[in-house]
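Two complexes follow with chain A in common, the first pairing it with chain B and the second with chain C.
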Partner chain A sequence: MRYALTRLVLAVPIMFGVSLFTFLMLHFVPGDPVAAMFIGQGAAVSEEQMDKVRDELGLNDPLPVQYLNFLKNAVRGDLGNSIRTNEPVSEMIMRNLPATMQLTLASMAFALVLGISLGMLAAIKRGTVFDTAAMFIALLGVSMPSFWLGLLLISVFSIQLGWFPIIGGSGWRGLILPAFALGFAASAIIARMVRASLLDVLRDNYIVTARAKGLTERRVIFRHALRNAAIPVLTIVGLQFGGLLAGAVIIESVFTRQGLGRMLVTALQSRDFPVAQGGVLFVAIVYVFVNLIVDLFYGVIDPRISVD
Partner chain B sequence: MERDTKAASIENRTFGMMSRRQLAGLSVMLPALAAALANGSVAAGIGNRTAISRAAMAQDVPQGGELTVAYNNPVGDTLNQHRSSSTSSRMISRHVLENLTWVDPANGSVNPWLAESWEISEDGLEYVFHLKQGVMFHDGTPFNAEAVKANFDNTMDPEARPGFTYGAMGASAYAGTEVVDEFTVKVTFISPHAAFLLFLSDGGTGIDSPTAMAEAGEDYGRTTLVGSGPFKFVEWIQGSHVTLERNPDYTGGPAAFGFTGPTPLDRLIYRDVPEANIRLQSVLADEAQLASIIPPNVPEVQGQDNVRVIATPKAGTTRMYLFNMNSPKLSDMAVRKAINMVVDKEAMLMLPGWAGFGRPGIACLPSNMVPNGDLSSVEQYDIPYDLEGARALLDEAGWVLNGDIREKDGVQLIFDMSVMQSDVDAGVIEPIDGFLREAGMQLNIKAGDINYWIDSFSNGDYEMTLMSDSGYVAVGMVQEFFRSGEPFATTGLANAEIDDLIDKAIGAPTIEEQWEYLMPCIGLIMQEVVGVMGWESDNLDVASNKLQQLAYNEIGFPWFYGAYLEQ
Partner chain C sequence: MVGSASVQLADQADSVSKKAISKHQTQMGIIWRQLRRNRAAMIGATILLIEILLAVAAPVIVPFDPYQQNPRAALQAPSVEHWFGTDDTGRDLFSRVIYGARISLRVGLISVMIGGCIGITLGILAGYRGGFVDNLIMRTMDLLLAFPGILLALAIIAVLGPGLFNVMIAVGVASIPVYTRVARGSTLALKDREFVLSARSIGAGDARIAMRHILPNVLPPLIVLATLGIAGAILTAAGLSFIGLGAVPPTPEWGAILTLGRKYIYQAWWYTTFPGLAIMITVLGINMLGDALQDALDPRLRR
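== the complex of A and B ==
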């Protein structure tokens, strides 16, 4: 428990850093949300009119004041309102979260199934054509950008073959291609880690002992080796979860899916500062939280590890 | 010749791309209306047919079905038109809300809708509207003068954030709205607002249920939108879609439209699809029945017999390669003229970035924005293509070739072109560089996202840029870019005569009088050579042939009241 609390306390400066970094990035890249709002309306707009809006949004305040205001409100759970839609940012996050979590979890499930299967196959059949093929697939996975893979999948499976919807869609048919595109890279990393970890474990004395006791190879692998090989894999899974959340930003746009990623991309395009800041902060919190859970989970997998 | 062939193959599946001559032949009653001519042209295919067929349409055409429309970011901000600044949002809302007036795209005339008639005072400062009786909003609230006043008061609330409609209502020229009796309302202005009746036809000035606005408060336009129109709001899922459904009790419809009563479609869905090619593919796969596309997509449509391309002359300014005349190089009139002389606009329109669509630009406003499509009074200031002449002009001005690039006093004729990356991707920037190189000039293309571009333009941090605006009130757009002192007038143009003519046009009580000042003003702007008036652009849509009776409104956006899907 003390370990968990320590980690939670340590998360505070991380959150602070993330919020500060996001705030500075947003304000130092070019772009005036108010000019973006008013240009192209087919009519003249006065500087006073634009200034009034800037005042209302607090954009005329000095940057440190703007940041402190954001921080003060964020601590109270108020991430502000969207500049474009005036909707509370926290409501926007909650509205978009289920779709992104659905995609992220589906991608993770896919990555785990494919990654662990390929990794095990490569380790057990080390040096054979299976090993080479599995690692080639893993190499493909880490080499292909997810947006490119996404476009390729749409082109082949949606446009050419017509098996899946082109413009998103609900239900499992709309989830398969984006989950594959997003999870493929993670599966490759997991496969390589499972292979390396399993090969290490298979050389340990207790595996030799298990085999000497006459256990079947299946029981040796699944009961003894895989469980002990899982700890480094679990670490990677935690890290990959953050990667998948970040990847959703791109994949949701490619597959025209609703979610936190689309919300963030739209916010960044329109310099909707509160949404971008709040969204990034939220993703950072989820990332830290997931990694904390992974750390705590070590003890479950290997009782010798005590987090206290 | 190649252009004609290509255009014809598209035209067969369109409602018709119109030549300048054809456009000019379609006169409008209200000349400043952008798409009146434009849609007169595009709707020509529909317009003539629908005038005959619409009376019987409600009974005769297939009923029901779900129409999906794929657009990029269809709701830019909110569906609350009192606060929105998004054009496409206004076009969606127009299916839910009804307006006081209806501008007939076929001829530009202003027709009664929720206002049965109106009177305008001679000085143009007072408008009295006599309202239609018996109209109910979707929530059962009756439509009356109080509802109109509540809407206009909401738009002009000094404490609220102004959106597009604030300007449409006259901004600082607006004085107030007064209820005369239950079905009569008076709107007063401090100074004339000649385009008021036109603006009253825009989706932005549609009349919302005052009850719904009060109940929803800040959520209005996000969780609900209640009007009296042919479609009811169902839901808006941001980043995904807007769903509207048929209003079975609808008995309205502007009389001039040709029919009244419920619309044939059961549901209308606007899907948010950022990528143009994905939008096109969604129509080819029949996941959507209408989508906006860009010229580079057009070749993929050719040869497809289940879809058609619809080209609608854009309501707004010409697409202009504007100069920043504060740049020392571009302060030289010879350089500005020479750049114009090297751009072969006819050839340019054949390139993939245009795919044969659009017309060579002449003035800052395209021909579909001016009375009778007639730019003849300013055409004399257009600078024709003349490569040899450009070279001679630059030589004479002392800009001599040093290698491939001309220079004078150590300054090379290389111009920073600040643009959106999407324009570079669309193929409408690099060809200009190619033209310039023919005469020893060059572009340094600096591309970024829309924010980078707006920032560069607003701060005057550019030498050239590609600029345009969408809209249909000519004077507003000329003022926006060319009246000195305006926030987006950053070309360095400072001409007191131009400013004076713009001010006089703004103060004119009627649109006809506005044009008496505006046309000479446009001529003066052309004489200043503020940029290359690139091309008069078209909005391109691809539509499934299942979609019939598709109409386009006065600013060139599709209007689905009356549209149906063939079974």
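== the complex of A and C ==
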């Protein structure tokens, strides 16, 4: 319980830092940020319009006041409005969140199943062809650009075979290919981690004891080894979750799926600052939370862990 | 990926540097022998070498001007004349992909140099000085690490605006924390060693100690990180170009070619196949070399 509380308290300054960082983003824009937002808008923008935006963003207040207002509004869920559509950013996030969560969770599930299977296979059959093959797949996974894998999958399974919709529609059929494309790299990293930590654990004395007791190899692996090998893997899973969430930015574009990623990319392309800022802040906060949960979780499964 | 490697590397750093101190001269020899025996390393190095040669010699060897449009030859399948086929404006894809190697290798190197130089300097500073400086630097790094994957790069692009040069800065800056952590860990392990103390006792200044005594000894694990970092930077930069935030067409950057090619995915498979393959082979080669370097530097894995 003390561990949980300490972890929670430690997350608070990070949250503040993240909010300060995203707040300052606007102020690091070289030159006049408001003018930069209107670059590429096409039509000429009057000075009055720019002043109005400046006023809306509170850019005329002193910096600390601006930050406090930003924080106050953000806590209330007010992240400002889109410069393009005038829609509240928080509503845009909520509208796009379900699709991205679906994609992230589906690719995480896929990455776990494939990663753990490959990693276990490689560790148990260490030094055999299986090991080599599994680790080569893992190497491909970390070397293959996710967006290219996505394009390949579309061209083979959607265009040639016609099994899946080309443009990622709703429902599970539209989810499979993007989840695969996004999760493959994560599965490779998980596979390497599972292999390494399983091999580590398999050298331990209690495994030798378990074998000496005459337990079947399957029981040794599943009941004894896997449980302890899971701890380092869990850390990686938390980190990978963030990677997947951010990776959705690219994969959603490949499959023309709705989602936070597409929202962010569109905002960045058109320099719609409040949307970009809100999106970055939101994803970072979610990531901090996920890692917090992972940390709390392995405080539960591994009683040796505590905060000093 | 780099993140997980860094944790491991920080652990190794101590034992590696111990060896490096006692027999610095032979250290390189040991690593080289390890690498030579590793088949994956040699394959990776060969891939990379060929690619660097192709990139350097690109203007001489490409059969066509990578920018030259030729509407009459649009979307031709691979043939003897056009090995990788042509794109929708009739440009030769083989020439474009070869030119792409120049861009991607440069992007990878520059990004890593930005991230590595800043990150290593901060890491040594944090580890060597300790106290407030250490706290300030490391808390800032914690903060940067709170942004997952390419999100930090995206945030930086939001500030600087799209473009290939800004992508290099963004990818470089986003990788700073990884180098800082490893460099700090190694520095902490080194700074109270006899050779550092004796350097100080004969009156060497902090800057001299950092540059001449600490830096060479913290480098080995960082070289592994940087190698794998080049692969990561190439992937990220291509991805950012693919979503329209990096290189802009008609630049023959691999990610940018893929963006153009996806529109023709129905009729021209070669358009998206070859640039993607180029990215994968490059990254694969670098990763194979990087993994092998990591093994070679890990005394526990020495045979």
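Observations, loosely collected:
Please note the rule applied: the second predicted complex is superposed on the first by the 230 of 308 C-alpha atoms of A that agree within 3 Å, B and C clash if a C-alpha of one lies under 4 Å from a C-alpha of the other, contacts with A are read in each partner's own complex, and residues count from 1 in each chain.
To be clear about the criterion, contacts are C-beta pairs under 8 Å (C-beta built on N, C-alpha and C of every residue); 3 or more make two chains touch, one makes a residue touch a chain.
What you see is a predicted model, and the numbers here were worked out from it, not measured in a lab.
When the two complexes are overlaid on their common chain A, residue A:Gly259 makes contact with chain B while staying clear of chain C. Once the two complexes are overlaid on the shared chain, A:Ile14 sits against chain C while remaining clear of chain B. In the superposed model, A:Gly162 makes contact with chain B only, not with chain C.
Contact with chain C, but none with chain B, is seen for A:Ala246 once the two complexes are overlaid on the shared chain.
Legend: residue contacts after superposition of the two complexes on their common chain; A:Val29 is shown touching both chain B and chain C. Once the two complexes are laid over each other on the shared chain, residue contacts for A:Phe273 go to chain C alone; chain B is not touched. By the touch criterion defined above, A:Asn96 lies against chain B but remains apart from chain C after alignment on the C-alpha atoms of chain A. Once chain A of one complex is fitted onto chain A of the other, the partner contacts of A:Gln49 are limited to chain B, with no touch recorded for chain C. By the document's definition of touching, both partners, chain B and chain C, reach A:Ile154. Once the two complexes are overlaid on chain A, the chain A residues touched by chain B in the first and by chain C in the second are 29-30, 36, 154, 159, 253-254, 269, 271. Residues of chain A touching chain B in their complex: 29-32, 35-47, 49-50, 52-53, 56, 84-87, 92, 95-96, 154, 158-159, 162, 165-168, 252-254, 256-259, 262-263, 266, 269-271. Interface residues of chain B facing chain A in the complex, by the touch rule stated above, are 70, 73, 76-78, 83, 85, 87, 161-162, 164, 166-168, 171-172, 218-219, 222, 237-240, 271-275, 278-279, 281-282, 284-285, 287-288, 315-316, 448-452, 454-458, 469-473, 476-477, 479-480, 483, 486-488. Of all residues in chain C, those touching chain A in their complex are 1, 3-4, 139, 142-143, 146-151, 154-155, 157-162, 231, 235, 238-239, 242-245, 255, 258, 261-262, 265-266, 269, 272-273, 275-276, 279-280, 283-284, 287-288, 291.
Contact residues of chain A toward chain C in the complex are 13-14, 17-18, 21-22, 25, 28-30, 36, 139-140, 142-148, 151-152, 154-155, 159, 189, 193, 236, 239, 241-247, 249-250, 253-254, 264-265, 267-269, 271, 273, 276-277, 280, 283-284, 287-288.
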